[in-house]
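Data first, discussion second: the structure below is written as structure tokens.
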């Protein structure tokens, strides 16, 4: 019999089978965005790294990749924040407390929380992109002394579409965290900035030699944010983005998430800008 | 020396045509399903081969871009053709398979993994190109930190009874890809079909399991004449091979030319029908879908073949990342002949030529790969 | 005067100008503080003055009858406001009045440079004219690029 190709040593997982977990809380964040808190106690808590995602399964409907938006330091609650936009996510956002969802994961790469130790963190989020970055913010604030400045810049459409608004206020209220918000348009009583994220970057001075930027949002927003950051002197190696592609397996075997030579599910979602800036410029890749 | 020493890995011997029938019988009797070439609907497909009568006796296949015909050879050859539209992947990476079943009971959902019902397999008539493809899929589906467990279970007990290619087609280019036509490893037994002076097979033992099998068969020692006949037969495949693909610099060239005008040129011909991905022996893309029973209480998660040529393939909320045929063809070709190297350490094409033959408009991967990034064309 | 010159030179808009050129501009400039709510420029008004913002936030607002006023851009330290004064004396100035209200959202500190004075200095000194025009074009283009991105409604 011909020998199978020998896998690299180390643990290998076979995980096309979801684990069913119960919805413990449903938080309606915005009209089209819901946070689902799953009780992971039956499986002894759920460990993940900031930036990783799960394949979430809704019975009889299908499965979608969703970033984990909860606190990595509190593994009991497994938290995802979902926008009702597709065939699966729309009914998924309708689930009630006590319903069950299937979970496979965690999959993918993490924000470089270790590499960034001792550096200033510049966290730039757009729209729902704040959800995959929230675990990084939790991590940084929990290990606050490990980092220099912690700057959170958030761009969204309008003041009424600010995700995690209460938390943004809480973080802003800390003496050791800089938070600023920019929106595309606002009523005149809005106190934040109005304009694009790169304009907001110009309002901050940061040390390009000791800053690590983590950027997540719509791809076009990440493209122009990353370019603006390099223009401000940040090396591409210090900029990290989270790439979004179609995924059916989450583990590199279904082929859907290819992004040039990479698989967004296993080489990403979090990728370093110097590795992908050329790919980001190729249309329809 | 009438009694032969036990056959070992590397041994060569002669098997008669009836001996091949005996081999088939023994494989089935041992609980193994033999999958090999059978004629169906005017094509050589893959299916159960119980006796040598099931094999495509005296037939060959004529290949061209968008053209495939069976023709009589005028002899008794059992493997006198090249390849059909089926690749052996369909026996291991199944076109459609249930992976999970879920049952809703009130607000609870119970999960039952679908354990693969696997039967030991023998793949008969595997050419060098197809053997290389099996190796490539093994690496893709079992080589990473995660494995496709269904594939792995089905792959675990597969005998490869290869056939050395003595009949290449005009669409073939395995020599360019370094995968054939001669197969030197990756098989349990390899047969070379010899037609004259008598119809017989030169058998090479490629593995301990192959040796065990060989020792159950009536094999006779190989002669210098047999070896030279086999060499001549294999040489024919090399000379018949109709196509060439220059692989030097190909990986870089394709990745560096995403905006080449030739992509649009192909897109104007490509129907985006996905035939090339279905017949390709290395294409591995799959999707998952849910099927529920009429009560709505039982859902089955099905994995089935998918293709990067479908618009839905690269759907991200709101729309497809690759809405144009140009982008989809570029994705397929660039993956196969370029980014596969970055991902898995080898090219993803074995040179079997199926995609050329079974493309309804005859798009030729070797010609397209050559044209992309070529110096400006005149006229 | 020397203080004004020094702080003018520190404004990002002028930081690439030579010290001689900055010195030439001092005569056109005054240092002004606007109280929260005060309008710096009103929709339809001539942009006869050039504002170099030093501190505070300015909201660019549109008044829409029957709807709440809307803010489409905020300006802050380092930004400039009102640029069409530069076109005054070549006869092409048409429809270049301010398109929006510029309102101080909080106390705003700005250098206000008189447009006519600037134009005279620019005509008298080609090199200054060139340097200032270049800065203006760069600033206007950056604003244009941002507003284009902003119009994309990327956050979905």
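As written, the chain order gives the labels A, B and C, with residue 1 at the start of each chain.
What we mean here is this: a residue touches a chain if its C-beta (ideal position, glycine included) is under 8 Å from a C-beta of that chain, and two chains touch if they have at least 3 such contacts.
Here the structure is a predicted model, which is why all the values come from computation and not from measurement.
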If a chain touches subunit A and subunit B alike, it appears here: none
Central chain (by mean CA position): A
Length of the line joining the C-alpha centres of subunit A and subunit B, rounded to whole Å: 39
Between subunit A and subunit C, centroid-to-centroid distance (C-alpha), Å: 38
Subunit B and subunit C: spacing of chain centres that average the CA atoms, whole Å: 68
Where subunit C touches two or more other chains at once, by residue number: 156
Residue list for subunit A, restricted to those that touch at least two other chains: 83, 85
Touching two or more other chains - residue numbers and ranges from subunit B: 318
Contact set on subunit C toward subunit A in their complex: 57, 59-61, 68-74, 76-78, 103, 105, 146, 149-150, 152-156
Sites on subunit A touched by subunit C in the complex: 83, 85, 126-128, 155-157, 161, 184-188, 190-191, 193-196, 198-199, 202-203, 217-218, 220-221, 224
Complex interface listing, subunit A residues touching subunit B: 1-2, 4-5, 7-8, 10-20, 59-63, 83, 85-86, 89, 98-100, 102, 244-246, 248-249, 251-256, 258, 260-263, 266, 282-285
Subunit A partner contacts - residues on subunit B that touch it in the complex: 99-100, 102, 104, 107-111, 113, 134-135, 138-152, 155-160, 186-188, 206-209, 255, 258-259, 284-290, 292, 296, 299, 301, 303, 306, 308, 313-318, 321-324, 326-327, 330-331, 335, 338-339, 342-343
